[in-house]
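Before anything else, here is the set of structures, which you'll find just below.
Two complexes come next, and they have one chain in common, chain A, joined by chain B in the first and chain C in the second.
And then the complex of A and B:
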């Protein structure tokens, strides 16, 4: 094998800025302060999304009708992770379910507590555990717990 | 489709670490392929590359490899998806009549020069999914695996059964990067969990590698090869990006891409008309999931089919006789390698893994998290 040399390099990712169409996310965050989940419903096909996009992915039209979604739902699938997304080992295994909230068509991902990893199952009923003091941020919805 | 585009030849390279550079890999693959066919770069009029800027660590990365493939002052373009898309795109130039001979080269050095499982973080929506810090390629695949196993009523052990078949085939294929002698279900089940239910040996291995393929018109096929492999049909489909809007227990993109390819190839009953399938399953569960979605296995009957040996090399519906991507996944090249491995079968050159009656084959490629995008080609002799 001919010799190859290694030169390390990096992409400076922090130089990127991302503009977001934030109405659906703002709507959701605003109501989370009151422990409510507000999504957006398509007035044509009735699909409810959370967080709400500015257009319906299926109908390809602009949408803006607020629709409240329950903070209870069921586990559609889950995984138990032993490392974080960058590959660093976790102290404790972490349960990460995808949950279909009642009254919502899109599913939402989160972490789950108050349940042993071996007791989680698809179809299990769960609810949102809200922060003691809500501030209108994604952190208000802390994790899911069994119903 | 009538016989308009043929695969005249191909070269594959794959290893955990090829100890090479991208330029040298491209040169070795394409020069080797031209030598195999007894021609020079003068015979090639179009070059289509397939690589990923992020994983190459520089933008417009194909400009550095064009000349190494022999593309100096020729038409050069790049597809930044899975390589089967590059093959389909290259075929269109031939079908349109603009070109007679096109070289497709797909590659990445994700075994030695990037962190394949983790880069996915950078492909996620930066304003929401990435902020949650819960998703990478492995955790997303694990969610998909659980969803599929639950919907089909399958035990977790199905993953060991699928991986054991693939890794057995991979061990007998010199073109694969991960070759484990005498691999057993027990050894697979004994490998550590990455994200439950996925274990190390249920997941593709980080791989350096690439594939060069020469696509030619009907006229040129007669001149260049005694064993042309014809493109009979092709189809593609793309699902929504957001996992929360998808049914993770199946693959709509694979189902629709296959349906389009079958329609073009005039295939009515894929399970009986196809002699083998090379599927881009990056994780053990994706092989039966995608096979069911594409109508190769009956929904809910995959476990029984694997146990009965239907999907083995000598079975009724051989799936990934090459060993598939659990043996090697050089990102960008993997779908193109599926087509090359299918062509190897159709040419009767697959050695120990040769399927007895190989006349029509399917190759599948995917892109995005959990096969958001699928590409399917049907190949025949």
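And then the complex of A and C:
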């Protein structure tokens, strides 16, 4: 007996407009075209976020001061993926670090190349590998490589 | 606030991958009827119901209303919780508030998950849909091959980042995750209501299971389980009339922080292994229970461990040992059923995970240990006080319940 049935059709999902999209995320994307990472800094406690929210999560006040963040940073934690989203084995293990960029207090996720899985470690210095042609998309920051 | 005690527990006869013989509500009624039978109560004795299961996991959005008659709740107050992994304990806390406040004398927490009838991955996707849709318009690659915010490289879930960070900061190794997973699968073999049981489990056997996302192996991961659990709570006055054995609620607390690895658009500021909510909730619950040092005063712990490293990590967070000490207690055999700090004698969530029930089972298992009714998985030492921990949400929401063999002095 079949255990599941597939009902084909389309599920219309909203594009979910966020206030921060027009601020922090757009600010970041705009500058990524010039290979710069622009976050937002809290004028009260100095915390820098990338992408920047419109309020400080520590002080609970509205913030809008742009602050440039380095494209170098260090690995805070990482994982090595051996399977894709369907559970099928990957041809090559995929290194996925969470990185704290210099001058930034928030962490970002990405993928890493140019390094063997057994050599990745917490605290490792890395830098952003930019796309050859940047367009103002999250894809501009293609992956991290060892510094 | 009045004193509240657990007077009865009801489980489905089994916790397995697929219950094809019953529907969702029929399965729920098995646990409800078991709870009533165990306490000798009749349906009319229950004043209020608090229901718990995760939205969208089975594609059923109003299961508490579907189940109303199956849990004999027609014409009674019902409330439903859907807080992720912590659901079962959130529902328990809801039932506790009903009785402690005097709004009800006897309340029943009813929880279930029937994973075989849905796709939990689709349900989990629903947690981050708005962020993901917004990030898609900014160029995120959902296959995780390149680009910023690559969702941890596809299937490499957020939990692997937590395990990796925990290992680095505690000094434990992947062999300790293998060993704790093996211990819990052996414990599960003694629990009739556990799902994955292996009396012969060893760290070496777990180490042979495939690596899914370093450092998490297949053998470190919970199953998807079909099952239901109920817990009946009563006021001190009612409990004295009805129950022979009572596990008293001494303290409850919950706490959230920012969404660690799932917060793609708002930026992430928290180490997934920091787990401040567990630290805060444990402190608050201990304070309410009049406990100064859980290490010395708590005899037994049930940790919510969807992934095996979490048993060790959370023992440190809730204050049962120092940071970096849990894996040493494991090595010394102290976490075993005959050890000084027994944990998850039930087999934990890593052995049985019907999500709606999972955090409630941590409480009911602590209650069974206190009542001396855990059967084959009763721990060797006497359990006077026990702590149950729940975890879930976007990796950053924790609940704590502390039980004791005597009511609190009011």
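Keep this in mind: the second predicted complex is superposed on the first by the 121 of 147 C-alpha atoms of A that agree within 3 Å, B and C clash if a C-alpha of one lies under 4 Å from a C-alpha of the other, contacts with A are read in each partner's own complex, and residues count from 1 in each chain.
Keep this in mind: a residue touches a chain if its C-beta (ideal position, glycine included) is under 8 Å from a C-beta of that chain, and two chains touch if they have at least 3 such contacts.
Quick caveat, the model's predicted, so the values are computed rather than measured.
**Q** So, does A:9 touch the first partner chain B, the second partner chain C, both, or neither?
**A** first
**Q** Using the superposition on chain A described above, determine whether A:124 touches chain B (first), chain C (second), both, or neither.
**A** Neither chain B nor chain C is touched by A:124.
**Q** Per the contact definition in the header, classify A:141: touching chain B only (first), chain C only (second), both, or neither.
**A** It touches chain C, and chain B stays clear.
**Q** Tell me the contact category for A:78 with respect to chain B and chain C: first, second, both or neither.
**A** In the superposition, A:78 contacts both chain B and chain C.
**Q** Regarding the shared-chain residue A:52, is it in contact with chain B (first), chain C (second), both, or neither?
**A** After superposing on A, A:52 lies in contact with chain C but is clear of chain B.
**Q** More residues of chain A in touch with chain C or with chain B?
**A** Looking at chain B versus chain C, the one contacting more residues of chain A is C.
**Q** Figure out whether A:29 sits in contact with chain B (first) or chain C (second), or with both, or with neither.
**A** A:29 sits against chain C, while chain B stays out of touch.
**Q** Hey, what residues of chain A end up touching chain B and chain C alike?
**A** 13, 16, 18, 20, 25, 49, 51, 57, 76-87, 96, 98, 105-111, 117, 122, 138
**Q** Going by the contact rule at the top, pick out the chain C residues touching chain A in the complex.
**A** Touch residues, chain C against chain A: 129-131, 133-135, 137-141, 143-156, 160-165, 168, 210-216, 258, 261, 264-269, 271-273.
**Q** What does chain A use to touch chain C in their complex?
**A** Interface residues on the chain A side: 13-18, 20-21, 24-25, 29, 39, 47, 49-53, 57, 76-87, 93-96, 98, 105-111, 117, 121-122, 135, 137-143.
**Q** Would you pull the chain A residues touching chain B in the complex into a rising list?
**A** The contact residues of chain A facing chain B are 1-2, 4, 9, 11, 13, 16, 18, 20, 25, 49, 51, 57, 76-87, 96, 98, 105-111, 117, 122-123, 138.
**Q** Touching residues of chain B toward chain A in the complex: what are they?
**A** 19-21, 24, 54, 57, 115, 117-118, 121-122, 126-129, 131-136, 139, 142-147, 150, 192-198, 240, 242-245, 248
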